[in-house]
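One chain, subunit A, appears in both complexes that follow, with subunit B as partner in the first and subunit C in the second.
So, the complex of A and B:
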């Protein structure tokens, strides 16, 4: 159905969004690249000049760098594992004929509507706070010392908060996938004596591959840039125990007012995102064709 | 895949499902409860559930101390504005990619999605400087542009998956009947695509409402939406749990209610074409 003229019209219709996204991507990226090779500190405005790769060398030799890189990947990986596994289990549970499914869905989707600063502050103050939080009340109820979540287990706490925010998304996509599975196939398998586990492994799981792929793809995109939750709760601490790459860049730019080095960090973060994107598309892209 | 089950098993799964749902919802519920307690009652140990001193004082005080209506209005304008603007640009693109696909269409879609992987913090300074140069700092228009571009890949992706579901034969038939390109879009495609467009719109209003990075970086006072309102609220006031909870509730309730009412469309939209 694609005549020559409709092809041309199609190109023209795609052009504005491609052009806008190109500008949106390339202009800030080019500026960041430029600053990353310059001496540019807001506190010493008179000094300028090219510094070669010094900003990059400084950033990569900074004591926090490898930890920040590790924390970034831990955060993305941890949240993905938790949300996909819990999401699958919850979807399997809710897919059973339970009473009040509509209301159940409403309760489960709620965290998705909570903006990140609010989510982080609810967890930090109302739950994890060592004096007034609900968790500390529970610990005391059992006669134990309150757990210092954000002090002693900062990364785990942040992963927990972010997982809570993303669990509805994973659960609902996986649930929708489950509901499109025909029950005849499962019944047939059951009649043939397939165990619950093998029904899951050989019928349900393959059916959900595409949905799981989309969950991983979309969540990774949002998780790589996680910032607000850390800023509100741990501020990257204690020390730099929960500093991720985006947070480290933020500190360099806003606290140290060192734009050059922060820009070098920004370029490193973009490279990291591209590496992750490459492997994601490689590994998962073929699940999306069908 | 509903299947027959024994009543006992049905009771157990119902109870388990409700327990899980209540655990997931509990933090929101607890925040709403806390927002109606007095400050003393909010931090009382052991925590008070039904025996608390209930009050509306916190809402009155947050309302009096900050210009809530302005923040609210900014949120509405920015999230709806950026979504409509995004749709206007995305609908033709997604239409073309779905119905006149080329060899590179899939790669183009992936590239668009990958632009979202660029960490916002990495390009914060250049974008701030650009916006400053263009006079867009602390303007609603500036935020509409920024959030539109931020969510454009998601909008295009979602619309593309919806449009692909529309059978091409219908278009061919309408073309046989002499429909022009625009006639085809307005009279044939749009009615069929309307549910898809509606769920795309809903999801993007929610994403824009909850965006809390660019809204804080690019605004100061005039154009600041509710995400900036809540950030300013938790910082200088110290730990006043009940008031913080009231402010939080005021920031999320509008979108929570919208989300709850449109839950069905939204869930369908969320699947990003993952479920055929």
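So, the complex of A and C:
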């Protein structure tokens, strides 16, 4: 199937879907780019015009911008660290044969099926709430003051909630990687005198690097855009303590109704995502080659 | 040192007795082959000796010490797996050095031993490659290298040649035999291939359904099989087993004649050739003889008999006699 005509036919047949995907991507991007150079406020729709890079300058000079950038990266980094480490440990644990394995695995995967605002609400109201929450009840049980999670540690709280949601994904991918390791390799290592820790360090972990890379790459893409959890819980506050780039763009577009500046923020976020992707691929990409 | 003694070793998985009870002594320096059809428990027996499976009951002594409950690493044995079980992310050098590293040996000594093993196994120029870049035979040698650097008291081989092509298998068979000659270490080798068993073993252990059918030197098993199972299993093509009137003439329930012990030409039996295979050095004929059944005949050289020809056959060699329970008389 690689004659000249069959290759041509193959290209012709994939062309429509490639074209559709390209349009699907390029139109919103082009419009965002267009608006980012325009004066465009929904409250004064008559005043329009080109403003050059002013929208970008305003956005980058906004008092919250660097904090939001830092918060975005903290959120991504924090959640990645927690989910990869805990995910590996949980995968090792549920890979052991136990009774009710099927049910156990469904329970562990369950959080992934809860939609982000719901998950955030559950955490806010059932766990972290200063009066009704489980954590405050535990604190009071020990005679301590309840911790005001969302007020005192807003970023850490959001990282915790998002980690809870993404842990099942990491666990699932890492578990399948673990199951594809040949048992003979582990037995050989056991015969070679490797302790349980050495087997993990020298056999299991290298075997899982590719899966860990996949988890990091996929999660980074989704975590850069985390919005629902922040909107539901802290609203970017207190002050701007838990404002991330997506939340800042949302405030600019929907609260301030300033489409031009929000679009500039969106383009900055796209550039940031590409910088992150570049460094990730440079650092981890070779793990994907077999 | 490498004397291994099994006493009443039993293994069951749930309700199923895989090995109902085995007594066996493997002397120091012996090359012992466990052979039997698939599912006979030979690999399980090897894994019990290695310590990768727990015994249900019974005692395994290694060098006079009770090793039944020792972890695999402390038994002083090295194993070569069917899939080689090399570590794919490590170079050949690191693969071979892995057991030394785990034993906490210093780097200089590790390098020395790895170089020595690589030289013995012709791997020196491949030391910095990864297993994925090697051929099947080379991977096999790396697996053996990883086993010999530890200087174990015995080697365990679990069907190590079954993933190799026929030509390579013959070569590796000789290499393993030569390795045994030079190291003089106990080797236990599991295979379902009787050619490997016959050519390599000092002592063959024939297993069937978890039981030992017979233990002996290769030619002992060939010449004096103690029951029908061993008679049928050892030798290729299989021994002809004849029951009924013909067997009664020899005062036995069943008689067995090996295909190479029947001559074509003149003789008491007459039959029709059903199939003739000409290998050049030998000719295999399947001949239907009335009142006896189909006999396989191995005639040296070229025999000009084709499908449908009538030939006369004569037994010319030992006739094995078995009683009604299948034991040799």
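Just so we're on the same page, the second predicted complex is superposed on the first by the 288 of 290 C-alpha atoms of A that agree within 3 Å, B and C clash if a C-alpha of one lies under 4 Å from a C-alpha of the other, contacts with A are read in each partner's own complex, and residues count from 1 in each chain.
Convention: a residue touches a chain if its C-beta (ideal position, glycine included) is under 8 Å from a C-beta of that chain, and two chains touch if they have at least 3 such contacts.
Remember, it's a predicted structure, so these values are computed and weren't measured experimentally.
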Quick one: on subunit A, after the overlay, do subunit B and subunit C clash, or do they fit? Just give me the call. fit
Once the structures are superposed on A, label A:241 by its partner contacts, choosing first (subunit B), second (subunit C), both or neither. neither
Please indicate which partner A:191 is in contact with in the superposed arrangement: first for subunit B, second for subunit C, both, or neither. second
Using the superposition on chain A described above, determine whether A:69 touches subunit B (first), subunit C (second), both, or neither. neither
Quick check on the superposed pair: does A:259 touch subunit B, subunit C, both, or neither? Answer first, second, both or neither. first
Subunit C, subunit A and subunit B - angle at the middle CA centre, rounded to the nearest 10 degrees: 70
I want to verify the contact counts: of subunit B and subunit C, which reaches more residues of subunit A? B
Output check: A:182 vs subunit B and subunit C. Expected answer is one of first, second, both, neither. What do you get? both
In whole Å, what is the nearest CA distance you get between subunit B and subunit C after the fit? 6
Check subunit A for residues that touch subunit B in one structure and subunit C in the other, and list them. 182, 187
Under the stated contact criterion, what part of subunit C meets subunit A in this complex? 50, 52, 71-73, 77-79, 81-83, 85-90, 98-99, 102-103, 146, 150
Once bound in the complex, which stretches of subunit B touch subunit A? 1-3, 5, 10, 13-14, 16-18, 20-22, 24-25, 27-28, 30-31, 34, 42-43, 45-47, 89-90, 92-93, 95-97, 99-100, 102, 106, 108, 110, 112-127, 129-130, 149, 152-153, 156, 168, 171-172, 175, 181, 206, 209-213, 226-227, 230-231, 234, 239, 241, 244-245, 248, 251-252, 255-256, 259-260, 263, 266-268, 270-276
For subunit A, which residues are in contact with subunit B within the complex? 1-2, 6-7, 9-11, 13-14, 16-18, 20-21, 24-25, 27-29, 31-32, 35, 90, 93-100, 104-119, 121-123, 125-127, 131-132, 134, 137, 140-141, 164, 167-169, 172-173, 176-183, 186-187, 210-211, 213-215, 217-218, 220-221, 224-225, 227-228, 232, 245-247, 249-250, 253, 259, 262-263, 265-267, 269-270, 273-274, 276-277, 281, 285, 289-290
Contact set on subunit A toward subunit C in their complex: 182, 184-185, 187-195, 198, 202-203, 206-207, 209
